[in-house]
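Each of the next two complexes has chain A plus one other chain: chain B in the first, chain C in the second.
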Partner chain A sequence: MSEWLQHAIAHADSIQDGFADQRAVSLALLKDTKWPSRKTEAWKYTPLRAVERSSAVVKEESPELAPVDVVGLDFLELTFVDGQLVSMPEDLPEGLTIEMQESDLFTTIKPERHIFGLVNDVLAADVAVVTVAENVKIDSVLRINNLLSNGAQGHIRVVVELEAGAALKVVENAEAHGATLTTAYTEFLIGVEAHLEHYRFALQAGDNVALGGSHFKLLGKATLNSSIIGFGSDLQRIDTDIIYAGEKAEAKLNAIYLLDGTELFDLHANVEHAVPNCTTEENIRGIAGDRSRAVFNGRIHIHRDAQKTLAELNNRNLLLSDKAEINTKPELEIYADDVRCAHGATIAEIDKKALYYLQTRGVSRSQAQLMLSFGFINELIDQMPTAALAEWVRPIIRDRFAQMEVK
Partner chain B sequence: MSNENVLLSIKDLHASVEEKNILKGLNLDIKPGEVHAIMGPNGAGKSTTGYVLSGRDGYEVDSGSATLDGQDLFDMDVEERARAGLFLAFQYPVEIPGVSNLEFLKVSVDSQREARGEEALTSAEFLKLAKEACKQVNLPVSFLKRGVNEGFSGGEKKRNEIMQMILLKPKLCILDETDSGLDIDAMQVVANGVNSQRDSERSFIVVTHYQRLLDYIKPDFVHVLADGKIVKSGDASLAKELEAQGYAWLQTEPTEDEIED
Partner chain C sequence: MTEQIDKALAREYEAGFVSAVESETFEPGLDEDVIRRISEVKGEPEWMLEWRLKAFRVWQEMEEPDWAHLSYPKIDLQSVSYYSAPKSMKDKPKSLDEVDPELLRTYEKLGIPLVEQQMLAGIAVDAVFDSVSVVTTFREKLEEAGVIFCPISEAVHKYPDLIKKYIGSVVPTKDNYFAALNCAVFTDGSFVYIPKGTRCPMELSTYFRINEQNTGQFERTLIIADEGSHVSYLEGCTAPQRDENQLHAAVVELVALDNAEIKYSTVQNWYPGDEDGKGGIYNFVTKRGICHTNAKISWTQVETGSAVTWKYPSCVLKGDNSIGEFYSVALTRGRQQADTGTKMIHIGKNTKSTIISKGISAGKSNNSYRGLVRMNPGAEGARNFTQCDSLLIGDQCGAHTFPYVESRNPSAIVEHEATTSKVSDDQMFLCRQRGVDPEKAVSMIVNGFCKEVFKELPMEFAVEAGKLLEISLEGSVG
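The block that comes next holds the complex of A and B.
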């Protein structure tokens, strides 16, 4: 066990709440888990030095922090500062409840293999449990804010259950003010014919370490539309799991990452087609500039009984610098014979025909290249179902992209 | 300037694609305000002419010259030729998802205005112009917000080309088989757009395989391009003759299909 981990979990036993039994199981698992090294497949390209060196600590007292405004959206805010839940929405719409008590779902959707997920099981002091009652469709967007002050370590955990026929929009929003370390995990159970629209914004660039995951279990005819948008940082790792537990469920995952400097961003997306007749579409697009490094691992596991699965995984990357690095690995494991499954991973070049077309209209070659590179990302922003979120994030991405140099 | 009265002057142009000679001594002079139709069989070099003049990668000039307003076209980058007043309406306009049509049009117009030392238009000024241009080619204004040509039908793409022409106000427009894949109604919209831009200064090269477009866009001259050079020139009546006779009288060797993409 690493020194960091030993130190981090030293006081784990002191959290006594309704989740104590599950926390104890995770703690035992964690003590049996080897600290990842270069030889650990899931961490092959993502060294944990930044975690080991982090001086961020769990603070006794935290400053007041407020999440960023998004024009045109009035969120239901669930705000954590330095890992402590500081505010809950005051007036909840009927059919939506948020509680801080035990839940049978806690630790059941997120797979055990995520080492920092186990850390989070043990250390997330305030576990929020969100429930949308049967057939209730919530119009407002629930935003889970993970705000961190300089020097802070924070561990947040939210469990969300959509009962049959329910609908909810959830934004996971992380903001780091300075050198911080966080683990942030969410577990979602999407009930029969329920619909979840999900966003994970990890736009905290800089000298912070963020480890987290969004994990989804879909029951019959459930639908998921998820968008993950990340910048790199000292270390930014997101694991997502989409687990089909009922037939005719559908999930769409769009992810964008945009890295500069010496940033690191790592997305591991795992899809478990355990039952027949489910459909997955994944579009993952990244741009890496300067000396940054992006890691993408997209695993689709089609179990023996999962006939009539449709699964598509597309990962396209653009390098802006010859010192930037992209490690992409699609992994298809198919044990059923009647499925349609396609994947592609490319380090893209700018489309020459499109470049020529723009130039014939008088656009300079360099500007045309920028427009096309941004267009490649923007295409996925266009697909975000809540337009106000797209309009909010688009200029943020555009500004970052404009600052990145081609070298 | 060699001849102030000539807008485009092509002299003994030889050009090749993938080491295959396509243009074999093309000569053409176009004065301001003139409309020239270039007709001819497949593989004659009609599309190649537009690509070579606009500077597409892979289209090599082997010898000869082309000047626009006295400036050597082959000495300029693709975007510089556009800024000098050359416009090519594509036979197959490119789809660019993620780049909105409006942004594309604004950046194009801004680039050209900047090159001419003119002030950039404000977004509001530009939007007004773009909406008018949309209306003129019968495209719903919502097309401005869509990705460039993304999911447009063949006819919508062609109308989008004409809209760009209207906004960019070039000196010389090359329409590369703009009529292909259009029904009569769509062709009329396109032709009206073109005709609205005709004046004593602006010149056109209308490249077409068929005579029917020339019923709507009346040319001053018609040229027959065969095997890389102009083999016959005449007035609008030549197009009618070709319609009646076809191209068999050219007695050229059968050529391979022209390289389009």
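The block that comes next holds the complex of A and C.
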């Protein structure tokens, strides 16, 4: 067992609150879980050295931090600093409730045995539960902020439940100020005919370690539109699970990763088609420059009864440097025959002919590179349903890309 | 429809008979003594025995891999006999006339043309029965061209320099659990050497047959194509119908030196077990080729047999401009399980690889494609194209795809695509409307699905493969 995990377990043992019983269950599982190595399939390309080296600690007192402004949007803010819930929106629209949970919380949407999910189980101190009442459609955007001060560890857990016919927009926003470590898990239960618009921004580049996931369970005719945008860091790992529990549900997942320096970004997307007649569309686009490493694993599992499933996954990558590395593994596991499933993955550099064409038209080489690569991910940004968020994130991505060196 | 599937699954395994050949078989069990005895029976030189023992010690430290999408009871390697030879082989026959007629009849039943048909077909055959090579035909004609085609046990004596240089050079002894086991206990197999600038005058072929009960077959094939040479090699396999599982753990090594080309085709039809999954061959095979500058290795496989298949014919594209190809049709039915695919390791500049994999699952079977494409930092301008298609027949089977794609060179281009579908009602309707009966229609659709792979097979094999598929699919759709 790693030293880091031993410390985490020791710390968890010292926490006393209403979650004690469930914490004990997760602790037992955690103690039974092997620390991942290169031979652990889910961590094959993602070494955990950064976790073991991290000196971030759980702080008693934290400085005041405020999340970044987004022009044109007035969020309902749910803010955690260093893992402690520091602010909740005051005037909640009717039908929306946010409560601190004191006990009986751990749900089962998140995979039971994921090692950092278990770490989160035993270390998350403040757990928030968001509920949208039946048929209530919330116009404003709820933003869950996970802010970390230098040297801090923070473990946050949020559960969002949309009752039948409800609608909600949620942004998960992580900001790290310095060398930090976080595990952040959010679980979404999307009720019958409910709709969730979801964003996860992991733009905290630098020497931080971020582990976490967004896990969705969809009931009948529920719909999900999710966008994940990530920069790498010392270690950035996001797990997402889309689990269909009712028929005729639909999910769309778009993800973008843009890596520079020695950054590492790892996205594991798992889709469980457990019932018939559901539809999944996944578009994953990545760019890796300098000495960075991108990892993508996209699994689509179609259970025996999940007839008439439509599932598509498309993963396209641009490799900008000969020191960078892209590892991708789109997986299909299919046990039903009347389904249409496809996945595709490509890794290449910028199209030389397109580059040449633009140069012959008087566009400078670097400008042409920017246009071509940025166009590649801009397509997905354009698909974000809330325009103000797209307008906010587009220049951030463009600026980062402009700074990256293209070989 | 289910009824018809059941009917199809109940079909007889045509190669399932047992030959009444008297055999000399080792007691089951595996230790250093068994290895010494194998080596002694083969009259091997000391260095070969040392090599085996070294591999055995490596193997003892290894664990059986469990990452494949397969489930089978743990194999008790101590209950397997590691050597079995027909008694009549004791005084090795000098020519076909001296071979035990029962053995020849066996091959005749299997449709392996050892004598006359072979004259017409023009294929040189090395037939391996349990642990020994029975007969190699057309040797004189091959010798004229300078081609060496003989049992590997013979090559150890006659061409020790070539063996010493190349054995274990592509698949090292410690490569994996089953390869290490094979290194320790391999009994026979084929050896091919094509001299510089020679185009092998005929297709070479090996036929493997497991006959004895409770035996494992551990053959080893080594093919060396010297600079600028060309060879096409075919491999076929069958086994009797038995209730116990039998182990087949082979190693195939291909070496394509500069500008050489090797085409390796397999039609694998080991006994798949009965419809309840009883019996059948465990097929754990390591096949790998290394391509030097401008060389090309092409693997084509049609996999219809075996209870469990664990097989990844691979290419190490070491030399600049070298080419690797993998064309595969894997059909599983009953309770068969297949986890098969390829690895393409791009090391040299401008290396190219193509992977076309067609998986067909029927009955209660599971069929997985598992592949790796790796672009190393030096693989400037390398290119890969992968296409994996799966066809499901019936709602009790599974089709899976596990591709690993790793790139470390920006100028390399990797493309992977996979689709899954079933024989569509529209296709069936169209065929039946035109008066084609359902069985024929399925066979046509499946043949069309596999066409890209079949066209890569040498003609004789393409016919056999098509027929095999047709029989396997009989009545599987209504």
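Here, the second predicted complex is superposed on the first by the 378 of 407 C-alpha atoms of A that agree within 3 Å, B and C clash if a C-alpha of one lies under 4 Å from a C-alpha of the other, contacts with A are read in each partner's own complex, and residues count from 1 in each chain.
In this text, contacts are C-beta pairs under 8 Å (C-beta built on N, C-alpha and C of every residue); 3 or more make two chains touch, one makes a residue touch a chain.
A quick note: this is a predicted structure, and the numbers were derived from the prediction, not measured.
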Message: One more residue to check, A:321. First (chain B), second (chain C), both or neither?
response: second
- request: Name the contact category of A:308: first (chain B only), second (chain C only), both, or neither.
  value: neither
Query: Now for A:340: first (chain B), second (chain C), both, or neither, which partner does it touch?
result: second
- prompt: Which of the two partners, first being chain B and second being chain C, lies in contact with A:400: first, second, both, or neither?
  reply: neither
Query: In the superposed arrangement, which partner chain does A:372 touch: chain B (first), chain C (second), both, or neither?
result: first
Message: Can you tell me whether chain B or chain C touches more residues on chain A?
response: C
Message: One more residue to check, A:382. First (chain B), second (chain C), both or neither?
response: first
Query: Is A:359 touching the first partner chain B, the second partner chain C, both, or neither of them?
result: first
Message: Which stretch or stretches of chain A touch chain C in the complex?
response: 41, 45, 304, 307, 317, 319-349, 407
Field: Complex contact set, residues of chain A against chain B
entry: 351-354, 356-365, 367-368, 371-372, 374-380, 382
- line: The answer for chain C against chain A in the complex is residues 67, 69, 375, 377, 390, 392-422
- line: Per the touch rule above, chain B residues touching chain A in the complex are 54-57, 77-79, 81-83, 87-88, 90, 93-94, 96-99, 103-104, 107-108, 111-112, 115, 147, 164, 168, 261
